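The structure under discussion appears below in the form of structure tokens.
Note that the chains are named A, B, C and D in the order they appear, and that numbering of residues resets to 1 at the start of each chain.
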């Protein structure tokens, strides 16, 4: 049982560690790091399923008959690119947030927004 | 970034950057046979340029790769890729059907893959360089 | 030659136009002509996609499902584009709203977006349109993920361009929640693929019934549902939506409110009834046990919160969360008539909410504010805009002869068919709450005298015709589809019937 | 246990250790570097799982590019630390439920490496058996990526393009004075 699934189980634990960072950490950059850990671990899940026992990398060669499955590799190549594009965009937004708020701490930003809101109510 | 860097750093950069650029081209055109392809090549190519910019400064790099040129290349790579698909439409195939691009299907496939990988490489390299320019300019 | 390629052109035309728009001569300069050119270009592209969508709808009505093999590879080895009635219906909505948005956009965008960025802004808009259309036409599960991310990434950017700094935090929050959603969807796709070996939706549909006892399938279903619900902003996963809609540039709110969540809802329909089936979703997995309570809570909570908002864009945004609840309630009823009503509400709500946010764009264009207090006296100063808000508000409430009435009526009947009195009461109760928040606006606009200091120095005048005409097209549509339902109901009916087969 | 399994287990363990340290780290710079190490380790794991193309990309993108971007970002924002005020109960509950759902899902999965798993017997064999003839290049991943599923790749390039447009829109041209005032 353990030998059959340990790859998947560890991948799941890794995913959850990343996921936990995303939803619990107050630092905006740390959240992005968590997101990238989360996604990379999902890639591990996909690549684990592509493995065939006794297979080799899916590059055609003489005398080899068993290859690992190329399709998950292709999907994950695409997903990696999507992931880095998201990271780049997220960091650009963070850079702007830092300029406007002077912080990358979710809580402080939240406090500043509340103050704005109160001022709005008072003057509006 | 414009501080004078030590001679050693610049000499090392002069050696490394051309080698990395060559390697990027190898990865770009060798993706049919081994691991690699447009995306990885684009990233490596951009890495070389970014290394150059870190050593010699962004301004000097932008004399060789001006931001306006990079901005054009971002679009051109994607257009090249999508354009291959349009070409197959006009040559009687479905979108991105490479078989119709040349007189026999296998040549068509080779041509199609070569062109789209090139498109991927151009866009990815240009995008990475552009993001670096933007971040660097913003940090100033 | 081009007719057989309609399916792919629907997506490829805006896809190619996006880089072209970024390349336009004069683009990126402060040149006004260049910016007009970019707007004209994006408008023509949107019109073209609308025409293609019309042709596709006709083709589907006449000859049934369109299947298109990308790259000439037969599915399941290649990616298939597959358009049935349901896809054609959503394509029409998305492309029509894109047209209306673009027709009205020019002046508003020029005022809200820095001039040197306008061509890039339109380019990002076209990318968003590409992504949304791409999700709807594709018949491949992984391809949905890719195009969903194109539309999401461009939405994050477009929202962040709002003038208030809160637009940035709203966009960031959306990015985090949206990416978590996308990753959940990716996990769901991975698990489904693992069980079946295929990514083609039709192929998956045929293989799923024999796997019903598989616990992996249950997990795949759960992850897919949660992932889509995040993108859909189904309560309690709606937290990103109110701020994103409230602080985005006006025209972006118009477009996204009428299309983005609708496309997510389309995926939900496709997934529950196309990929799985009505029987599996409700009789095996008992989704209604969760979906109905959540929908009811969405309607009640979001509508109540809307009543207390003083930022009107936020008010309408909360109202959107409530309306999404109506649509998922229709799905949750697990009957054909429920789903048809949900689909019909999707159609009508796109018109009404698109119109209301467009009216807000007019008000922001003239007054620069979305606060309730600012509405005092607007009934006289901007009579056409305020009349549009009033009439569209009637639609939102569901007064007879408006589009909103039709869909709520069908929803009510569907709920009563199931003897679900709770749902029926909530449908009516939600409308009463809508009366309360719409009244709040009307009262301020028509019966409050403006505080003199607010209007000093500038006289507020009616919005320009370029914005009023698209707005009134939507108002007219609100009444047209409130009286003549042969298209809106007829097409939704066929769409759901073919989907349920 | 053969070498392959031992390598697998040790890499996965290292990944888990890295992630746990990362979770507890207070220093942002160290966190960025560790996330680079995490990517490198997963690239190594991908090689051992026969996914050489993915490993190459993960190393170049995850370990290289993402790290550079993150370093650039903290150069702008500083390494300031945040103290979490919220209770950790909700995040712990959410991750536990999610993990439980996934673990439950693994129980009926095909076994790891099983050559008879559905994904190895349906669709994919065609790529392995026919791509040599139909496409004519040895790297099957390239064949699938650039031809059989080339439309996905077009979408992927579009995503990259979108990110570039986004970064230009967000960070470009900020130093020019704003030509309009925000109205309140």
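Note that a contact is a pair of C-beta atoms (placed from the backbone, for glycine too) under 8 Å apart; a residue touches a chain by one contact, two chains touch by 3 or more.
Treat the numbers as computed from the prediction; the structure is a model and nothing was measured.
Q: Given the contact rule stated at the top, which pair of chains has the most C-beta pairs in contact?
A: Looking at every pair of chains, the most contacts join A-D.
Q: Quick one: report the Å distance separating chain A from chain B, using the average Cα coordinate of each chain.
A: Taking the mean C-alpha position of each chain, the two centres sit 25 Å apart.
Q: Suppose each chain is reduced to the average of its Cα coordinates; what separation in Å results between chain B and chain D?
A: 21
Q: Where the CA atoms of chain A average out and where those of chain C average out, how many Å apart are those spots?
A: So the centroids are 26 Å from each other.
Q: At what distance in angstrom does the C-alpha mean of chain D lie from that of chain A?
A: A distance of 6 Å separates the two centres.
Q: Mind pulling the chain C residues that touch 2 or more other chains?
A: 15, 19, 22, 70-71, 142, 146, 149, 153, 156-157, 160, 187, 193-194, 369
Q: Where in chain A do residues touch two or more of the other chains?
A: 19, 23, 49, 57, 59, 72, 75, 77-78, 81-82, 85-86, 88-89, 91-96, 120, 124
Q: What are the residue numbers in chain B that touch two or more other chains?
A: 33-35, 39, 71, 74-75, 78, 82, 85, 95-96, 98, 131, 134-135, 138 - these are the residues of chain B that touch more than one other chain.
Q: Is the way these chains touch best called a line, a ring, a star, complete, or other?
A: The chain contacts form a complete graph, every chain touching every other.
Q: Under the touch definition given earlier, write down the residues of chain A that touch chain B in their complex.
A: Within the complex, chain A contacts chain B at residues 57, 59, 77, 81, 88, 91-92, 95.
Q: What part of chain C is in contact with chain B in the complex they form?
A: 1, 5, 8, 12, 15-16, 19-20, 22-23, 28, 68-72
Q: Could you pull out which chain C residues touch chain A in their complex?
A: The contact residues of chain C facing chain A are 142, 145-146, 149, 153, 156-157, 160, 165-166, 168-169, 171-172, 175-176, 179-180, 182-183, 186-187, 190, 193-194, 310, 369, 371, 373-374.
Q: State the interface residues of chain B toward chain A in the complex, per the touch definition above.
A: By the definition above, chain B touches chain A via 33-35, 39, 131, 134-135, 138.
Q: Contact residues on chain C for chain D in the complex?
A: 15, 18-19, 22, 70-71, 73, 76-79, 111, 114-117, 120-121, 123-124, 127, 130, 134, 142-143, 146-147, 149-150, 153-154, 156-157, 160-161, 163-164, 187, 191, 193-199, 213-220, 222-223, 367-369
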